[in-house]
Amino acid sequence: MAKNVQKIGWVGMGRMGYPMAERLLDAGHDVSIWNRTKSKAEPLAKKGGKIVDKLSDLAGVDVLFSIVSTGKDVNDVYFGNDGVLSAANGKVPGVFVDCSTIAVEESAEIRQHLQARGADFIASPVSGNAKVIKAGKLSAVASGPEPAFRKVEPLIQTFAPNGVSYVGEGELARVCKIAHNVMLGVVIENLIEITLLANKMGVPRHAFLSFMNNSVMGSMFTRYKSPALVNLDWTTTFTPELLRKDLDLGLELGRENDVPMPVTAATREMLQTHFGAATLKSDPDDYLRKDFAALAETMALMSGMKLEPENKKVPNGLES
Amino acid sequence: MAKNVQKIGWVGMGRMGYPMAERLLDAGHDVSIWNRTKSKAEPLAKKGGKIVDKLSDLAGVDVLFSIVSTGKDVNDVYFGNDGVLSAANGKVPGVFVDCSTIAVEESAEIRQHLQARGADFIASPVSGNAKVIKAGKLSAVASGPEPAFRKVEPLIQTFAPNGVSYVGEGELARVCKIAHNVMLGVVIENLIEITLLANKMGVPRHAFLSFMNNSVMGSMFTRYKSPALVNLDWTTTFTPELLRKDLDLGLELGRENDVPMPVTAATREMLQTHFGAATLKSDPDDYLRKDFAALAETMALMSGMKLEPENKKVPNGLES
Amino acid sequence: MAKNVQKIGWVGMGRMGYPMAERLLDAGHDVSIWNRTKSKAEPLAKKGGKIVDKLSDLAGVDVLFSIVSTGKDVNDVYFGNDGVLSAANGKVPGVFVDCSTIAVEESAEIRQHLQARGADFIASPVSGNAKVIKAGKLSAVASGPEPAFRKVEPLIQTFAPNGVSYVGEGELARVCKIAHNVMLGVVIENLIEITLLANKMGVPRHAFLSFMNNSVMGSMFTRYKSPALVNLDWTTTFTPELLRKDLDLGLELGRENDVPMPVTAATREMLQTHFGAATLKSDPDDYLRKDFAALAETMALMSGMKLEPENKKVPNGLES
Amino acid sequence: MAKNVQKIGWVGMGRMGYPMAERLLDAGHDVSIWNRTKSKAEPLAKKGGKIVDKLSDLAGVDVLFSIVSTGKDVNDVYFGNDGVLSAANGKVPGVFVDCSTIAVEESAEIRQHLQARGADFIASPVSGNAKVIKAGKLSAVASGPEPAFRKVEPLIQTFAPNGVSYVGEGELARVCKIAHNVMLGVVIENLIEITLLANKMGVPRHAFLSFMNNSVMGSMFTRYKSPALVNLDWTTTFTPELLRKDLDLGLELGRENDVPMPVTAATREMLQTHFGAATLKSDPDDYLRKDFAALAETMALMSGMKLEPENKKVPNGLES
């Protein structure tokens, strides 16, 4: 599959989708882009992106990427009245690659429908946020028919240069993404526990996290959350509600498969206390729209601590 | 403090101590070395190390490093009948830097005795194992009088090039090391939970861990434990008993400081089940001397799974 | 509502239903009984029970009681082609009282359908097993329209002399029964933890449980489970699977209502390990059909203990 | 051992000791009483109690009972300069029975000293509070040399008519009392979880607890805590700090004996959050001197609930 020859379609210009598509363009690919709010895509025209008006304009591409908010959105984009598959010419992209984070059942249903239309489906959720993409450190996980995956693997690697791992058939990549987010929840809760402990005993949070980040336990995640835990900046990257949903999805899989997950369960219940403690705030709903790392405030309350920002410039590990 | 001019003493030639001292020698420092089993130190003579016969031969150094097994060992090395401070000439090194992992109380007592002798004491435990040192990725945390720390900081950085974080007065570095090991315990338990879940659902462990290691959740630790979880190689790096001890030390600090640590506590109790499940083995004591990652087998039993090695060559992230 | 004047219908002659209906007959009530296997009901004819052939024969009663296995069964009994409401004469009992343990949603749907037919519905699950009924110690919880409840309250009390608590409208009694079973799960797990601890330290289990049962912590439940924990008799009263289902229902309600339930969650995950440990048995499926108290064997394994029956006659607290 | 013939000594006139000694007097025993604050004992003179001035006045009794606050107090009473064993005549009571709640190690040390003086020692902590004693429902657990226990068994039963269980040699009764208090902690936490869940869904707390108390899960404990949970009356019976101490003692025993106690550990960490949440109160220290059942307020906060007293007269199960 010669680079630059195949035609790529891209749907989704959100905080993730835009910089991911941009990487494909920067690498010289032929990318046609559709977005509900067309204006968001337009800056990419300067980089060679072909902004299209209708989803059905993408019916003729070889590989169609999507990264949207929900399973229903993926469904609408593919199968809606004005969806990619509604093209008058009856054309169908050979491979669909969906990078959204959606449920296993939704993914399975979409796969079935695409198969019926003769198209292959690769589920390929990613690990990282917009800053991670910009730093060239995004990674991905993929599942679906292996031959189809091998065709699109170099494309995925273009925007996920930290590596794309093929994990098997069907929706297994969705399972891996849920497992990934379970770990994210457990690690943030534990990191908060030990950061508060060290802090209460006299270690500045920035000093403690500097040690942890340099240590064998340090990850991209512990590094890019450090500024938040040090300076109490709860600018949203992921809400407590979304994290709780993913922990529940993980526990649900554990139940269906008879795998005990005691530490995941303990984490989930502590995260739940954050929703109750939010009622102490003047605008609880607004507070719960802030970043999940604000859980540190709830844990601090339970530790009898009142946190103050340390106002320290802390590296997030994604600096260029 | 001009490099190569000050005299360094080194006590401890174990799996950690040897390669750490080697790095100081490689950087051109003047290092005198004592070890209970002298022969272990001798290969370093070729790199310029001065192997001494008695601990008291180190009384004249400027900075004395120690990395031994227990607090009692540190005590013996410093204050024993034939210890560093027993020198006939009454000389005392200006700064003692201890890199062992010992308890807070032991460290405080040693500090007090050193102060009485006019010496400064820097507690500086490290994060990593022998392979990490060889890969040049060791890191350290340090506490004690700041001026003394600043004097020895470049030396510590020589063997801990991934960074040395100063966290404050007294034994705070010990607290940070305990917190670090608490996180190690929580992360291994959680990693096992999600790896088994993905595995039981059909994802090969090596594929799952490849994704996790590339992801934002990946750490040096998740990478260097991956070969073990994939191929069930339980060659000891750290025993379940030592990990349990550190989790208990962390919980103890949580109790003394009124910090709830529910996820740490859940981890601790699951690790405990490993000691019971070990009774299923033909030689339980031998089994419990294996690596703590063998906890994966206990969790697999509780998940109704029988693990088999995948016999896959998996990177440990420390390859040169 | 004069006793003995109103007509009562009874559906369900299982281990619970038979002795409950018997108590109504013993108290002199006019009870018509239907059971799928008619022969099971026949012994009650001697006590004045009127055994009927068709469910629709019960259409003319004033109060219809049901205690069957599942929500679907209740539905079939009431609304099936040959159900109570299929009577040619179009008659409908004034109050339906269901004592089965079914899900909240099922109960709500049944209520809606009964309301449409002009009948009141009282959900009234009970606490206890067949032995508890015989000992005259059954209790009940009830919800639904209060006036309807007050009409049937004396009837429920006849078979639940330990008390019937009215908890409000709709399906709240179902919620209370789930909560009750959550506590059952937590108490058995905790009782096992402490019994094993005392046992391992040298206290015979029968001696420990004798103390606990006499103490302020003793309940009918701790007493009637004591013979099992002492003599390892796992004759089924309730399966681990049913207990797990109820713990999951409780956790589900906690999630829907934003109530953290950390101890319930910890219990649930430990119970899960029992399903995995069952794979050590020659016939795991058979083992999992035994009583949930066999969890003691799994916890013993995790404690490195091998339990032996103490072969002690232990009171179950229900002796007459 | 003929009743009324042997001489009994009693030390300790606290909330528990007074009514326990009173029961011995009511049964016609010859009881000599010492208390630090003599006036507290004086009302018992009317019932035949012989109030003595000095501990050494009790040296001539056959059986000496003690129920005081701490292990140190027991020690002082027995072995202090003015203690029971300081009598000029060198007399020593044949059996010492201590009903205090003290640590295993303290108890073992006292036993050793008494043995050296030729006296037997029975550890016999009790289950219940002052109201339970008055209701004639106290129970006890006992350990020590069995022949000595059999001698004093009828005396213990006089104040613990709900039963006294002999559990073995040495300090095993202390272990059982700790286990008992562990269960108390787990049950209160779980009872709070499910009561809040039912309450938030619409069930009045008094109705829910009425059901639970009548049910097979109901215990003396759930009954006598019900008024507190219904009306939010936190009059102290036992402080959160004492409960936390006993949970920690239980976990400590679990550690020493390799028994995993995950549900106990989860309970302990939730109780810990109560100490942090107390900082929201105007006088945290005062708040923490209230009853441990106030944990319901902390759990309610985490559930986003604001509890109000229901102002319902609720039976505590100890009414005469």
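As written, the chains take the letters A, B, C and D, and residue 1 is the first residue of each chain.
We adopt the following convention: contacts are C-beta pairs under 8 Å (C-beta built on N, C-alpha and C of every residue); 3 or more make two chains touch, one makes a residue touch a chain.
What you see is a predicted model; the values in this text were computed from it and never measured.
Chemist: Taking all residue numbers used at the chain A/chain B interface, answer same if over half belong to both copies and different if under half do.
Modeler: Comparing the two copies, chain A and chain B contact each other through largely the same residue numbers, since over half are shared.
Chemist: If I average the CA coordinates per chain, which chain comes out farthest from chain D?
Modeler: Centroid comparison gives A as the farthest chain from chain D.
Chemist: Where the centres are mean C-alpha positions, what is the separation of chain A from chain C, in Å?
Modeler: It comes to 45 Å between the two C-alpha centres.
Chemist: Please tell me the distance, in whole Å, between the geometric centres of chain A and chain B computed from their C-alpha atoms.
Modeler: 34
Chemist: Rounded to a whole Å, what is the gap between the Cα centroids of chain B and chain C?
Modeler: 54
Chemist: Of all the residues in chain D, which ones touch at least 2 other chains?
Modeler: Touching at least two other chains: 254, 258-262, 265-266, 269-270, 272-273, 275-276, 302-304.
Chemist: Name, in rising order, each residue of chain D that touches chain B in their complex.
Modeler: Chain D reaches chain B through residues 248, 254-255, 258-262, 265-266, 268-270, 272-273, 275-276.
Chemist: Where on chain C is chain B touching in the complex?
Modeler: Where chain C meets chain B, its residues are 262, 266, 272-273, 275-280, 284, 300-306.
Chemist: Looking at the complex, which residues from chain D come into contact with chain C?
Modeler: Touching chain C from chain D are residues 127-128, 132, 137, 139, 141, 162-163, 165-170, 172, 175-176, 179-180, 182-184, 186-187, 189-191, 193-198, 200-204, 207-208, 210-212, 214-222, 224, 250, 253-254, 257-267, 269-270, 299, 302-304.
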